[in-house]
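Next up: some structures, all given as structure tokens.
Here chain A shows up in two complexes: once beside chain B, once beside chain C.
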Partner chain A sequence: MATPRELTISSVMTQTLTPTIADRLRAIVGQNHVITHPDRLVAYESDGLTAYRVVPRAVVLPETTEQVSRVLAVLHGEGIDVVPRGAGTGLSGGALPTPDGVIVGTARMNRILSIDEQDRLATAQPGVINARLTEATAPYGLYYAPDPSSQSACTLGGNVAENSGGPHCLKYGVTSRYVTGLTVVLADGEVVRFGGAGTEAVPSLDLVGLFIGSEGCFGIATEIEVRLLPAPEGVRTLLGIFDTMEAAGRAVTDIMASGLMPAAVEIVDHATIVAVEASVFAAGYPIDAGAALVIEFDGTEAGLDDDADRAEQCCVAADAREVRRATSEEERLGLWKGRKKAFGAMGRIAPDLLVQDATVPRTRLPEVLARITEIGQEYDLKIANVFHAGDGNLHPNILFDRQNADELDRVEKASREIMSLCVSVGGTITGEHGVGVDKRGYMPLVHNEVELEMLRRARWVFDPNGNLNPGKVLP
Partner chain B sequence: MTLVHELRSALPDVAVRDPSELGGPIWPGMTPEFVASPSSTEDVSRLLVWAAQEDLGVLAVASGSHADPVSDGRFVALDTSLLSGIEEYEPADLTITAGAGTRFATVDDALRENGQWAPFDPPAARDRSMGGLVSEAAHGSLWAGYGALKNHVLGATVVTGDGRVLRLGGKVVKNVAGYDLLRSVVGGRGRLCVLTSVCLRAFPLPPQERVLMISAASVAELIDSALAVGTAPVLPVSIVVAGPLEALDGRAALVVRLHGAESTVDADQAILETHVGTSFDRLTEASDGAARILSQLQDLGAVEDRCVEVSVLPSQLSGVVSAAADVGLGPMVVDSYAGRIRIGGSDLGVDPVGTLREAAEQAGGALRIVRWGRADFPTGTPQSMATAMLSERLESIFDPGGVLWPARS
Partner chain C sequence: MTAGGVRLAGALEAQRERLLPCVHCGFCLPACPTYNRLGDENDSPRGRLHLMQAVVEGRLDASSDAFQTHIDRCLGCRACEPVCPSGVEYGTLLELAREAAAEARPPDMLTRSLLVVMGSRPLRGMLFIGGRALRATGIAGWAVRHLGGDGVAGTLRFALAMLAATTEAERLGRPDASAVGVAPTTDLSGAMDAGSPETVPNGEREVQAGSVGVLQGCVQDGLYGRLNEATARTLDVNGFNVRIVTRQDCCGALHAHGGDLRTARRLARQNIEAFERAGVDWVVVNAAGCGAAMKDYGVLFEGDPMEARASAFAERVRDVTELLAAVGPRRGAPVTCSVAYDHPCHLMHAQGVTSEPLQVLDAVPGVEVRVVAKADECCGGAGIYGMTHPDLGAHIGGDKVAAVRDTRADLVCTPNPGCMMQIGAGLRIEGSCGDVVHPVELLDHSYQRAGYYR
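Up next, the complex of A and B:
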């Protein structure tokens, strides 16, 4: 696995694009939409995983499927690697440039192409921001369910590439449940159509499902058809304050076993609470609390108070110190604030933040969290945990300074231990952020060599030359 | 030495039976050389390697209810029924892992003992095997509320055509560690690999189920109401029109199912009735035999000798249902939220099915043959050249020697 030190701007020599190739690309997408000036390319040197930085050779910003097809055909013909990029909010380095590659960005492909109220479908270009789709469908009483924490910035194309989840996927499921069809441009520029609502009876293998989560290695999705849901009539949000993480975990287990189906069950730990309360995002969580549990129900207004009452009883039975219930949208946002602003708050404590991502069986959460605390102590690192407790998806956040080589080394070692720990209890190395470059080295923890070889062959199915997003996913 | 003797010599732990011991042909017009019943993933792997060496095809079957070979050639039936039993169940984690040959009834019973269930209800589900259900991506009318089966399959152990054992997915709900090969296996109909173990997501049983119904003389008369339910501000877990139903003396019914707390389903029913502009009958087990009606809905047409399935956008259903009725096709079950129509009967004809396919394709949809005898086999909607090419490549990496039998066209 490449380490952050190996993949930095200072250590990688970027090739420039020849004027001839740049001109051919400009002829396709327009004069202003091929970026080759070094000062402007720096903006694309990393995605949300800032520990890795490589300046790309060029950035091309097409606007249509046809332009993407022609751009990829040119780059394929020249044997130039392509790195697809949405908003660059990914946290695993999936959009990290390669030094001899060109970024194909979807920023200009930001149109919602259709909204079908009757069939509850929408079709959008990949550069549409996740939250914007819900805003656009709200007048029809509909919304798009997957809600990654970065939904105000991340794009649908990126969501497809990473099979993104979010706090509310506990009840509603992740991106793959909602994407019904894709228009995809393959590495050589061929345009193909996968799936499509109403065509499920075609006896094809599930290429839509296989493409989702392929991290830009199989093709570039240029049109995304998604299923919409009726917007819930009401919502109830609770905040449980617990003295210990173990007690919060008991409450979660009881809630999930009770037959309730919360829309979201989120926990922040003591270290996160302290960070949030010391920041401008202070949410009023007690700083001596061991854990804060956010529980949300949505659906028909009439049943929500019953659900909230039952969840509150579970919290009380698990020795919650206090349970707060929002009575207005303003209060609801207040209860969520400590969870939603956690990453921002931590960013003010240390120059760099590694947002880890792993999933474990829910019943193993208490022991895994305790061990993560020990790992932080062993490596003298600050680790704060924010996680989707309902589905066992952990986000241990490691605070560090990448200019400190020793600390960076300890971050890498602690990360590997955390990943090994999660796998050892039946979990996996990533629940929603993807593998990218960050977790390639951990793939052998969850796949043996036969399986890794099968993944390499799967990539060959779509991109025989391996020009699309090379160096990602596979070790 | 006969093939059977050779296999017994090579793989002494694999039980072998003569097809005649099965009490009749499972597959119309097709008879395997013999039936092999491995009891472990390793033996499945060895059997596939052996079959490749002997130039034999392999068709995995469990309950046998849906196998339907379409190609000629010598083949072995790989019976998965000994790959049976619940391997791991942790109720608090809401996951269950079972051998591919395990009957769904076994899994369902274990879940229900713990107040849980796996919310998919394809036809004849309880008698079918886990591997068969996953291989078919079989689904039922609960699609609206719980999504397709593929959303519930968390992981699987499979054996490729050349005997490689792969663990796909895992035992946790969220997992994006590598390309999602599991998705292509679910619904792959045995073209890619043999399933030996399946891990499913479980759900808590809903506190209440309310079953609502409107009846009419025909399915076509109920489609508009069904579509209205599908655009209501609340989403039922199931919206199905079916008919003719024996339980209703041959009439058709729109059946809507609501899950939730008592107060929730009360409110949902009121919202639906206001939105649709009509009152529903509330079915109860005591007075109406709700379970019998739901059972008929689940299986109607699906257990017949011939069965086809149509998919279209919900907004196009009326036209396609009318087209089916015009050529006398039925009985049918319409999942109006999914936009799917299932039609089954022993007397389905090639020409009427062809007419229905034309109507479906004109409406932007498709038709597939779920089951049919070998004679006068009608064709379903083909996939595009591009997806066919990618599918072939995918098949080639799973089954480079072409050992696995193409169970369906």
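Up next, the complex of A and C:
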């Protein structure tokens, strides 16, 4: 597996694109939408995971399905690798360029093509920002449920590629539950359609389901049809403050065992609280608290107060030091602040940040967190935890400085131990960020050789030459 | 590395705290008007920060086309700042990058001449005399209707349209048009000259809200004299003791944004000394761009012996709408009209002032406020962006004009002369009525009708 260190040093020489190929691409997408000058390619060397940097050979920014098809046909004919890129917010290096590959970016494919109020469906281009879809459908009383924490910036194409989740996916499920149809351009430029028109049961093998989460290795989705939900009538939000992580964990277990169906259950640990409160984003969480728990219920008004009362009782029974309840939208945002701003606050206390992503059975959370703390101590690293407690999805944030080679090495080793730990308790190596390049090396922890070969073959069906996003996902 | 690169490297190294928090999350991308239209990472805040970082690391030359083009193409609207979870101070970094870019390769003639003219009182005085003559004779308006097309003619037309847009709104206060233009004058013309501080007579209201000095500014003084007067009069009515602050100058924002930090500091020093001498409680500004720059004077002098004084000065800078909103502005007489309200970037994003201008409008009975769709997005004004980047400027400006027109309001209202000129110019070029007012102008008009000035 490629370690961050190897890739950080941009030792690999990026090849430039021959003028002929560049001109052919410009003829398709327009003069200004093919970037070939090395100085202008530097900005594309990383996505949201900056531990890795590779300058691409060129960047092409098409606007329509037809343009994507023609661009891929040209590149396929020349045997050039393609790395699809949306907003570049991914945290597993899924859009990391390859030195001889061309980035095909969807930034200009940002139109919502249709909103069908009656059938509660919308069709959008891949470059549409997740939150924009909800904004556009709000006038009809509808919204798009998957809400990655980056939803104000990440795009639907990337959400499909990563099968993205978010805080509210505890109740509502991840992207695959909402995508009903896809127009896909394959590696050779062929355009195919999977599903469509809200079909619940496809009269065949579920190709939509197979494509979602393929991390850019199967094709580029150029039209995405999604199911919309009616906006919930009401919402109740609670914040529980606990002396220990163990107590917060008990509260979560009780809430889930009691039959309640919260929309979100999120925890920030002591280290995160300290970081947030020391930053400009101070949310008013007590800095001596062991954990803070955000619980949210939504749905029809009737019953919401009952649900919130019962959750509060669970917190109190688990020795919560304090439980706050929002009485206005403003207060609600205030309770969420410490959770939502955690990522940015980390950015202020260390030059580099690796946001890890793994999933463990909910009941194993306390012991896993205790062990992660030990791992941090063993490798002398600062690790702060933020996680979707309801579904056991952990995000250990490892703080480091890229300039420090020794520290980078320890980050890599600690990451591997955390992943092994999560797998050993029955979990897996990603919850929602995808495998990308960062966790490719951990794939053998969760798949045996037979399974890996099946995955390779599935990829071969879509892209026999392996030109699409090479070096990602599969070891 | 070139000299510019070394300087930027040094400057940014000193700014590590400001640059390093960027975790490359991309939250700034959707807020950026240039990225939204071009889709190029290099034209996004994250991309520009990456280019700066590359110059610091010696991987990119500050004189390169890539650095020059993309740093120059930024509107400087700072819409990326409030959405940044790490609190990256983009505006400050942009100014340093612009300085490095300008050192590595001098900016174009138009920008350079404008900075020289604005930095010199006699030169800009002459420019504005010419401007007022073109405006008063109606030549500017005529030229907008009859000049055509692209290139130099198009740029000239846009410049004249901006000039024409500074005309006092004819339809202000319709249907009772007789009230227009009869406001008694508080003569502030001596503010730029030497002399001892004086007090402007404070109406009948008791002085309790503190003393203020009004920044006369360059464009405001040259083309929006009525706005400076309205600022003084409305503050006076609301209990502020308005003093004339002599020997003040242009705020230097244009220079700082253009990479000429040396001139920006010279002008800033002049203002700090002038307002200190006057000993006012508040330095009041009616132009968002100037206010944002003056609230950042402390940063401008970072590491300079002047820093402490500059920071103390910056603490006292307030937008006029902030002061009025803070005292809960006295209500005036009704002015029946609907206004299309647009947020200036340098008020909303750079200063975090959002509701105050609307509170000022609330004090004018009869005004129906229609907030423009995407009012938080830049109008494309950004100094002389429409002239230096005609295509992209027209694209961004065109979207704003369309959104303004969709409100079908009687007047446009926005609390910043730069935006007033940009939106007014766009409307005029389209052949629409381009009447634009500052909220304080409307309040002033309402007070005048109420008889507060008698």
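The criterion applied here is as follows: the second predicted complex is superposed on the first by the 469 of 475 C-alpha atoms of A that agree within 3 Å, B and C clash if a C-alpha of one lies under 4 Å from a C-alpha of the other, contacts with A are read in each partner's own complex, and residues count from 1 in each chain.
Note that in this section a contact is a pair of C-beta atoms (placed from the backbone, for glycine too) under 8 Å apart; a residue touches a chain by one contact, two chains touch by 3 or more.
All figures in this text were calculated on a predicted structure; none of them were measured in a lab.
Colleague: Quick one: is A:T18 in contact with chain B, with chain C, with both, or with neither? Answer first, second, both or neither.
Modeller: After superposing on A, A:T18 lies clear of both chain B and chain C.
Colleague: Going by the touch definition up top, name the partner, chain B or chain C, that contacts more of chain A.
Modeller: Of chain B and chain C, B contacts more residues of chain A.
Colleague: Report for A:S114: first if it touches chain B alone, second if chain C alone, otherwise both or neither.
Modeller: In the superposition, A:S114 contacts neither chain B nor chain C.
Colleague: Check the residue A:T327 against both partner chains and state whether it touches chain B (first), chain C (second), both, or neither.
Modeller: neither
Colleague: Classify the contacts of A:S424 with the two partner chains as first (chain B alone), second (chain C alone), both, or neither.
Modeller: Touch status of A:S424: no partner.
Colleague: Touching A:P351 in the superposition: chain B (first), chain C (second), both, neither?
Modeller: The answer is second: A:P351 touches chain C but not chain B.
Colleague: Report for A:N465: first if it touches chain B alone, second if chain C alone, otherwise both or neither.
Modeller: A:N465 sits against neither chain B nor chain C.
Colleague: Between chain B (first) and chain C (second), which, if any, makes contact with A:S46: first, second, both or neither?
Modeller: Once the two structures are laid over each other on A, A:S46 reaches chain C alone.
Colleague: Enumerate the contact residues on chain B facing chain A in the complex.
Modeller: 90-95, 115, 137, 147-148, 150-151, 160, 164-168, 170-181, 183-184, 186-189, 191-192, 203-207, 227, 230-235, 260-261, 263-268, 271, 309-316, 338-340, 360, 363-368, 380-384, 386-388, 390-391, 393-394, 397, 408-409
Colleague: Along chain A, where are the residues that touch chain B in the complex?
Modeller: 116-121, 141, 162-163, 165, 169, 173-174, 176-177, 190, 192-194, 197-207, 209-210, 212-214, 217-218, 229-231, 233, 253, 256-261, 299-303, 306-307, 359-363, 388, 391-393, 426-435, 439, 443, 446-447, 450-451, 454-455, 457-462, 473-474
Colleague: Using the touch definition from the top, list the residues of chain C that touch chain A in their complex.
Modeller: 20-30, 35-36, 38-42, 44, 46-47, 50-51, 54, 59-61, 64-67, 70, 83-87
Colleague: Going by the contact rule at the top, pick out the chain A residues touching chain C in the complex.
Modeller: Residues of chain A touching chain C: 32-33, 35, 37, 39-40, 42-50, 59, 61, 87-89, 105, 107-108, 110, 127, 129, 132, 150, 152-154, 279-281, 340-341, 343-348, 351-353.
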